[in-house]
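Just below sit the structures, each encoded as structure tokens.
Okay, so chain A shows up in both of these, paired with chain B first and chain C after.
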Partner chain A sequence: MTAIPPTSQQQIDNSCRLPLFALFGGAAVWLALSSVFGVFASLTFHKPSMFADCAMLSYGRAFPAWANLLVYGFCLPAGLGVGLWLLARLGRVELAKPWLIVVGAKLWHAGVLVGLIGILAGQSTGFEWLEMPRPAAVILFLAFMLITVWAYVTYTRRTEASLYPSQWFVLAALLWFPWIFSTATLLLQILPVRGVVQASVAWWFAGNLLNVWLTLAGLASTFYVLPKLTGRPLQSYYLALFVFWTLILFGTWTGIPAAAALPAWMPTLSGAASVMMLIPALAVVAIVILTVRGSQTPCGGGPLCFTKFAVGSLMLATVLLAISACPQVSRVTDYTWFGHGQTVLRIYGFFTMTMFGAIYHIMPQLVGPGRVCPRWMRINFWLVMPGILLLALPLVFGGIAQGLKFIDATIPFVDVSKSTLMAFRISTLGEFFIAVGNLIFLFNLLAAMVGYYRSVGKTAFAEATALQPVGVKP
Partner chain B sequence: MKSSALVFLAAFIALSASWGGFVLAPQLQLGRAAQVKTIPAQDNYPVARPGLAAQGAEVYRSLGCVYCHSQSVGQDGVKCEIVLTDAGTNAIATLAALGKFNAELGKPTTLALLPKAILQVADMNAADPILKAISSAGAKAQVLVSALGPDMARGWGRRRTVAQDYLYDLPVQPGSRRAGPDLANVGWRWPDANWQLRHLYAPAAEVQGSTMPAYRFLFELRPLGKPAAASALQLSGAFAPPAGFEIVPTDAARALAAYLVSLRADAPLFESPFTAPAAPAAATNSPVK
Partner chain C sequence: MNAEPSQSGRVVLETEPTATGLTVPMWLIAAMLVLLFLGAWYFDARGGWFEAKVYEPYHSVADVARFQPRSGGDAVLLRGKVLYEQNCALCHNPDGMGKLAQAPPLAGSEWVLAAGVNRLIRIPQVGLAGPIEVKGQLWNLNMAAMGVMYPDEDLAAVLSYIRNAWGNKASVVTAEQVKKVRTELAGRSQPYAPDELKKEAE
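And now, the complex of A and B:
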């Protein structure tokens, strides 16, 4: 093969623009819609019978709508978009077949729409984190594969041979999701396995999705964005390698709760793996501290702020995961809001914030300077950040209080339930902040894209109406 | 890592290991599980749900009940009690045999007011020599095994949930949160389908202080027919329909109530035995006396 001259950054950005617009734009819409469902779900705890005449908004449908739009609507396409960007930029190569990736992105969003309608119409599968009915699951799988194929082709065409840590994480994530999603869809929806094996498959899937896929995709972005923003090299390559190995080796075994009616070795092993997840999390914190230390870059509500907060959330979520894997603690926290608080911290606090940071870093390069409003970005940060804390922490502490009351069987269950209401009501405030923040994110992103298209349109119009034929652009 | 092959190999090894552990292994071990016999009755367990209840399971799934209700109870070990049922003809021999295990039991008061629990032991292995000694003395005794733990104390079940309980469920919904009580044995606690319907229509009417949302969309408010519909809910007070109207459950509501009534995972099995007599709690939410 003859040496290909490295593609210029401008060409790479041009090839990424449409696919990333499609992935990020749709993701932002789903994220905003998801948080609206989050608020609805939360309101049920203020007035239980608020949606007593509306099946679609009842808690049992609004909640999975929230969860699925968040994970499948936002997290996956946003993670894919950032991953594609990383593969193109780090490989110094244009994205392969951008238009097919756009098709894949549109197909993905169509799948999410089908899934959302299915859930609201009562066609949920009943498996947590995998509620989208079969047709939606098939569309999502095909869309993911379509994007993955061209991501991989992009990767093999790279002109920069040496690998950067972010690339390992993206590649592993590209392998991970089709595997777990196809296994879960096949064994739960198409050829369902018998009895409790379903529960085992569903827990395995959820653990791998939330604890491994999100972490892989999020860290790929973190390890790229941090050195870019601070102007310091990643500290260090070997620590990142250590994170990669420990994350996939331990993370993949998480997910099975202590109380599962499965052979005892399974929850035990899963609990041990959850505790071991502290190892990659601590290493990530070390990498971030060593990389950011001494940098003069101000945080100021920008991408760096988002990313730092995200890493803090990852650490906190992992500590909660590890603590609640200990039998003495899980006895109290199992079946309480504690677990939900941990998950919220992981998805919103870590992943969504990482993606916000990455998208706010990437978008200005795609739409041109000055089109992503930094002021709205800061407002976005200062709404979502406290929102996440207000949402997750009351759930965590409320969950502990709930669990302590629960194990005392002399306290009537109604009192146990009622004791969590205050915590839950505070968390509604958090949901509300997040929803407003997500809407601002959506408008900021859409405004930037519209601004870009208007300038393109203006240029084209000027060129078309120019008196003299336009030659080679300066 | 310098080569992409190594990245893929690492990911492949890690993921295939857990796939083998948490997908393949349980399938090999439990995927072909079949009905078993209960002990000691030797009934088949579990049995498929009757038609209406099977439809109700679909309603349960569709309404997302699982986000607030688990169907999985746990236990913290068991309590084994030796109950002396018959003192036999030779009271002295019986007391001598019992006295070897506990000096207090060697006194004649032990034999008064039978049957009664005389000893608590750690497990069946500890109970065996005592039972043997009692029967050699000509007396009769049995062991009562009951499950312990907060779920049991709340009357949510008589033993922990085991894999066998989920055998015919699709989807299996063990649940992850208890915003509401566990439902693994709700049909044992509340066997009346009409109670279930009234509770679905207006939870607070049946359980004071309930935080459960009402499912009014599962019911129809109809002008009172002549004669009144047999299935109309018997409601009173603030929850009663306006005069001249009645509340009639839809098919979905009746199916859901039938499903809830069918939820009982309380057959004594080899892997989760219990022998304590049934004494369902008066209400899910009442404290243990």
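And now, the complex of A and C:
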């Protein structure tokens, strides 16, 4: 029996290039657009009449546009791209049917576009994190399935038999999203259930999307990037296994707020599960500290910086989630900006930062050395990192102050709203920082891709126009 | 960092990360068990054991039952309270203390607390006009026939409520008693004067 020769690095990179360009490029465009909508939505709080004459930019449309472009436009395709790369690299195998994955990626972005138009036209479904109208949901599901199938085929064709923890997380994420997304879309949009069941389905979906899917995809990248860049082995296989099972065991129960108007067992179980989420988060922190400790690799505003910041944000967001699940705290924090602060910290602080880290690690290998500008990458980090803190922390503290005033019946509602203004000014500043950082990310990525294609074109042109030796008959 | 051909001409692959075999630390397992125990305790205390009828702010079936009217009598008084607060409290005040120049008090009123309910039932059916002494004070006002629109059961509930609220303690009024008086008063639209009311049996 002859050993199958492992695919060379160059072949793997070649097979990944176009699908990852399609996924990352589109994701960067949506991310930049999303943060522009985020700024619009945030400005509405300072001067409600600012966009009052433009229905498309009113809060009820700009905010869902921000949220959906962020999650469906950026998080999912970026997570998929990184996941495909990990499956190919760790399995030492070329990506199966790259052109079909490119078709899937384009279809996905088309679905996001349909959803965005639907939301801006006022056709949103009204379910948080699932505002895109039905046609968009169907397109997104088909596109995800197309990519999932070929990702799975890539996995089965791998030449490296032993599995690395990142691969479990990618595979679980590939299966988790179709499950939750199809269930929620079927039960809310295609064959709608009635009454409070709708609310519980929507909360279950949001909990699974934000607390499970994003964590699975983000940790797949974290567990790869950290050991790779520090040159130290992951500490350890068993801790990663522990994170994996506790995350999907406890995470899938989360999402239902403590004051939900549902039978008491549902918010109670969900709250207990939210507190249990501390366990996988603590284990992640343990893994990261044990892995990175003693490494001499400088952080330098690069992928390592992004990933370390992401892990810190994950821990902080999980602590906030656990605290706000306690009834004594949720009495204050429910219906305030606190929850939004937690969500922002999770999506921006954890997930997009891991993706930035992974993409800045992967892209130079796809486009060739020197085409992703390291200086702009550092500027990107130093804009987005403070931006996230300026956005999330004022919302968290402002939310607590707001909640304490809410439960005091002697304070008029207008005064409660006014008291959050300062927090909002700071968080709008944070939105601006993030928006500029995201634009830099977009241009850095596009410039790298353009640079790559230009060099390919130049080579082809040079080959085509090269002087043929004279006097030699063919 | 792409693969470089080594000296032997074979392609050397970039090394990919590996994981060590370090076991899960005990403190993590212990922390998980402690949180699981607390979570189970929390669910036991607040979750209502999957009972679909138990909603926040109640935490068990017993809790829900405690806040429901226990008997038919309680249900009648609860109904009376709702009707009173919708129709009577504007003038007589939610605490039954009456309002100056609008309506005399019901709390502690000898007219409300009379042993027999025959006179009391007549007042809301046709109204009351003229000087009346309540708790030693003279009131000279008019009351419209507020109760004429209400079914016997509802009027009985309101009257029972005012006889048993704000420290009042007297027998309840039944729908039969209301019906009997209503038949007697059929066709009358003239409100009672207090002196005339005193001539009726108690």
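Just so we're on the same page, the second predicted complex is superposed on the first by the 464 of 474 C-alpha atoms of A that agree within 3 Å, B and C clash if a C-alpha of one lies under 4 Å from a C-alpha of the other, contacts with A are read in each partner's own complex, and residues count from 1 in each chain.
We take it that a residue touches a chain if its C-beta (ideal position, glycine included) is under 8 Å from a C-beta of that chain, and two chains touch if they have at least 3 such contacts.
What you are looking at is a predicted structure, and each value in this text was computed from that prediction instead of being measured.
Visitor: Kindly say whether there is room for both chain B and chain C on chain A in the superposition, answering fit or clash.
Guide: clash
Visitor: Tell me which partner A:144 touches in the superposition: chain B (first), chain C (second), both or neither.
Guide: A:144 contacts neither chain B nor chain C.
Visitor: Would you check which partner chain A:213 touches, where first means chain B only, second means chain C only, and both and neither mean what they say?
Guide: neither
Visitor: In the overlay, answer first, second, both or neither for which of chain B and chain C A:236 touches.
Guide: second
Visitor: Which of the two, chain B or chain C, is in touch with more residues of chain A?
Guide: Result: the larger residue contact count on chain A belongs to B.
Visitor: Touching A:9, do we find chain B (first), chain C (second), both, or neither?
Guide: second
Visitor: Tell me the contact category for A:406 with respect to chain B and chain C: first, second, both or neither.
Guide: first
Visitor: For A:108 in the superposed arrangement: first (chain B), second (chain C), both or neither?
Guide: Touch status of A:108: no partner.
Visitor: Thinking of the overlay built on chain A, is A:90 touched by chain B (first), by chain C (second), by both, or by neither?
Guide: Touch status of A:90: second partner only.
Visitor: In the superposed arrangement, which partner chain does A:336 touch: chain B (first), chain C (second), both, or neither?
Guide: Touch partner of A:336: chain B, not chain C.
Visitor: Scan A:263 for contacts with chain B and chain C and give back first, second, both or neither.
Guide: So A:263 meets both chain B and chain C here.
Visitor: Quick check on my understanding: which residues of chain A belong to both its chain B contact set and its chain C contact set?
Guide: Common to the two interfaces on chain A: residues 259-263, 269.
Visitor: Per the contact definition, I'd like the list of chain A residues that touch chain C in the complex.
Guide: Counting only chain A, the residues touching chain C are 6, 8-10, 13, 89-90, 92, 160, 164-165, 223-224, 227-228, 233-240, 242, 246, 258-265, 267-269, 271-273, 275-276, 278-279, 282-283, 286, 290, 327, 365.
Visitor: Quick one: in the complex, what on chain A touches chain B?
Guide: 44-45, 48-55, 58-61, 63-64, 122-128, 155, 162-163, 167-168, 171-172, 175-176, 179-180, 183, 187-188, 192-204, 208, 241, 244-245, 248-249, 252-253, 255-257, 259-263, 266, 269-270, 334-337, 339-340, 406-415, 417-418, 420-421
Visitor: Which bits of chain B are touching chain A when the two form their complex?
Guide: Those residues of chain B that touch chain A are 1-4, 7-8, 10-12, 14-15, 17-19, 21-23, 25-27, 29-33, 61-68, 70, 72, 74, 150, 153-154, 160-182, 203-204, 207-217, 284-288.
Visitor: Where on chain C is chain A touching in the complex?
Guide: Result: residues 1-3, 11, 13-14, 16-25, 28, 31-32, 35-36, 38-40, 42-43, 46-56, 58-59 of chain C touch chain A.
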